[in-house]
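Here subunit A shows up in two complexes: once beside subunit B, once beside subunit C.
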Partner chain A sequence: MREVPLRLWQLIAAAVIFFLVGTHLIIMHLGDILSFFGADMGEPTAWSSVMERASSAWWTVFYGIVLAAVLYHGFLGLRNVISELSLSPAAMRVINRALIVVGIGIFAFALYIPIST
Partner chain B sequence: MSNNGENQGSVSKLTLKVQRYNPDRDKAPYMQEFTLPFRKGMTVLDGLLYIRENIDSSLAFRASCRMGICGACAMLINNLPRLACHTPVEEIGEFTLEIKPLPNFAIVKDLVPDTSSMFEKHASVKPYLMRDDQEEMEHPTAEFVQSPDELESYLQFAYCIKCGACVAACPTSATGKLYLGPQALTQAYRYCGDSRDNKSGERISAVDPYYGVWGCHFAGACSQVCPKGVDPALAIQLLRRKVFAQSLGGKERTPSPVAAPPTGSKEKIPVPEFTVTQDDRS
Partner chain C sequence: MKAQSSERRYLENYLGIKGWVWGGRYRLERYLYTLHRISGLALLFYFLLHIAMNGFRLSSGESWTSLMDIFDTPIVKFGEYLVLAGFTFHALNGLRLILQELGYTLGRPKPPVYPYVDALERRRPIVFVMGGVIIILLVVFIFNFI
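Right after this comes the complex of A and B.
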């Protein structure tokens, strides 16, 4: 199997993580600095704020992309570690499929929470 | 310079602790110590040859050219992969040396590693020129044109003598049997970077699986130990760039053209007198 498309997406996922997780961290932890610049996000970790974001389509898409990028990046990294065990190509195919199923399962479950609220 | 209690100016003895192992007889490798006369300028290979000729003729090691060309005599000398013929004892600065076969290879006997896995991986990356003009490849009419800059872009990688020192030093090769390793990947780049070649796509398919070019962790040990000054770690990074470029739609280059046939006829160089001709033989 060709690896290079997977590696290209890993680089793209890394860039997405850098910007979107960066944004998430700024919103969550640098509220004082944001309000200094006139962007008052309220109390981002309060229950009401969390629920407000969870029911917003924009934030749901935002967290969906973050989740997809983090899961892809992390699971590909895990697969790279496993690949160094020098498993046979057939065994690697099984690992690939297992990681895809688990990854999609976690993605669906984690996204179900904001969508269902 | 440390000399283990002997003054280098008057050192007369060299101690070689050599790993012995005969798979037909021994359960595990063991170390055997040999003491031999030291002479100035002596290489590690000279020491091993002395042992075989004067002390123990059963000691097995591989060597051929004795001048750093054939790559046969690579072994682990004081914990570093080196060419025995190219390692003067004085350069190490110790007069008790520990010699073992190259790590990351099976042992055939004593200091002889089984390098067949390296050569199989080497062959798998298609280490030869591939071009569209098959007719010219099979029945060449002239040489392919290549500028000095084009030559320079891959020349250092062409110095590889397939000694296996880089593979022995590589931590990824140590843990992953399938990993193609620095030697094969360097040769893949050597041909992908050659302006006379235009089928790097085929080679890239061979290095792209999970046990190929992506396995490198960039430890750089390969480049540190290469006795020919090749930089395999650099070749692997350049190869990754090629693989990415190709996957993003990069086209194969137009290979360098065939040189124009020589014009006019040059005077032939006279055959030296000592040459045996067909007439002399009959």
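Right after this comes the complex of A and C.
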């Protein structure tokens, strides 16, 4: 595989994750700090809040981008770690393909969750 | 030319995983890299778990709500804090690595005049500022979990 573009995209995905997952974490996990600054987000894990986000096209697109960026960045990172174990080129080819298939499978399953609920 | 035969064209990684911890005179930045790797793998593991957990939404609203009730314990809260801490470290250290890789934090090349200051030492203040920001954020985040 051509390593330089793969690596460059990993860094671009990291920048996307920085902003989008940052937003997700602030909304979902830092509610008390947000309300201290006067922005009350309610209870983000309550079923009604979950359904509200799932029915919004904006949130679905948001989560689609987050999923693609994190899966690409994380799986390429995992491949990077595995590639340092000095496996044979044939074994690396199997791992490359397995990571692509599993990554696409997880992406499809995870995106199906907000679309179908 | 046995060394170039088809089955030995890849490089041997002699240190293996032990090299993450010790491989000679490692400096601070090398250990940050090891921590970056460990936090990255841990975040990936958590991410997959997070997706599996969200899969509970597919069965019913009740199963989601009861899962959230089960998770409402101090141990899970502490685990969430650790994930947030891992993300904060990985994100800020990653930003440092990206800026460095794109050449923004390298500074101008200097002639090697005595007393020598190596490139790592010249960039060390960036590491300390990053460490300071991480510590401040982690202290602020504690207030959300107590």
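Going forward, the second predicted complex is superposed on the first by the 106 of 117 C-alpha atoms of A that agree within 3 Å, B and C clash if a C-alpha of one lies under 4 Å from a C-alpha of the other, contacts with A are read in each partner's own complex, and residues count from 1 in each chain.
As a convention for this text, a contact is a pair of C-beta atoms (placed from the backbone, for glycine too) under 8 Å apart; a residue touches a chain by one contact, two chains touch by 3 or more.
Bear in mind the structure is a predicted one, so any value in this text is a computation, not a measurement.
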**Message:** Which partner chains sit in contact with A:E84 here, subunit B, subunit C, both or neither? Use first/second/both/neither.
**Reply:** both
The chain contacting more residues of subunit A, comparing subunit B with subunit C, is C
(message) Applying the document's definition of touch, where does A:A110 land relative to subunit B and subunit C: first, second, both, or neither?
(response) second
- Query: Is A:R93 in contact with subunit B, with subunit C, with both, or with neither (first, second, both, neither)?
  - Reply: neither
Of the partners subunit B and subunit C, which touch A:E3 in the superposed model: first, second, both, neither?
first
After superposition on chain A, the subunit A residues reached by both subunit B and subunit C are 84-86, 89
Residue set of subunit A touching subunit B in the complex reads 1-5, 7-8, 80, 83-86, 89, 92
In the complex, the residues of subunit C that touch subunit A are 7, 9-13, 16, 37, 40-41, 43-44, 47-48, 51, 54-55, 57-58, 61, 64-65, 68, 80, 84, 87, 91, 94-95, 98, 101, 140-141, 143-144
Within their complex, subunit A touches subunit C through residues 11, 14-15, 17-18, 21-22, 25, 29-33, 45, 47, 50-51, 54, 70, 74-75, 77-78, 81, 84-89, 106, 109-110, 113, 116-117
Within their complex, subunit B touches subunit A through residues 172, 175-179, 205, 208-212, 214-215, 243-244, 246-248
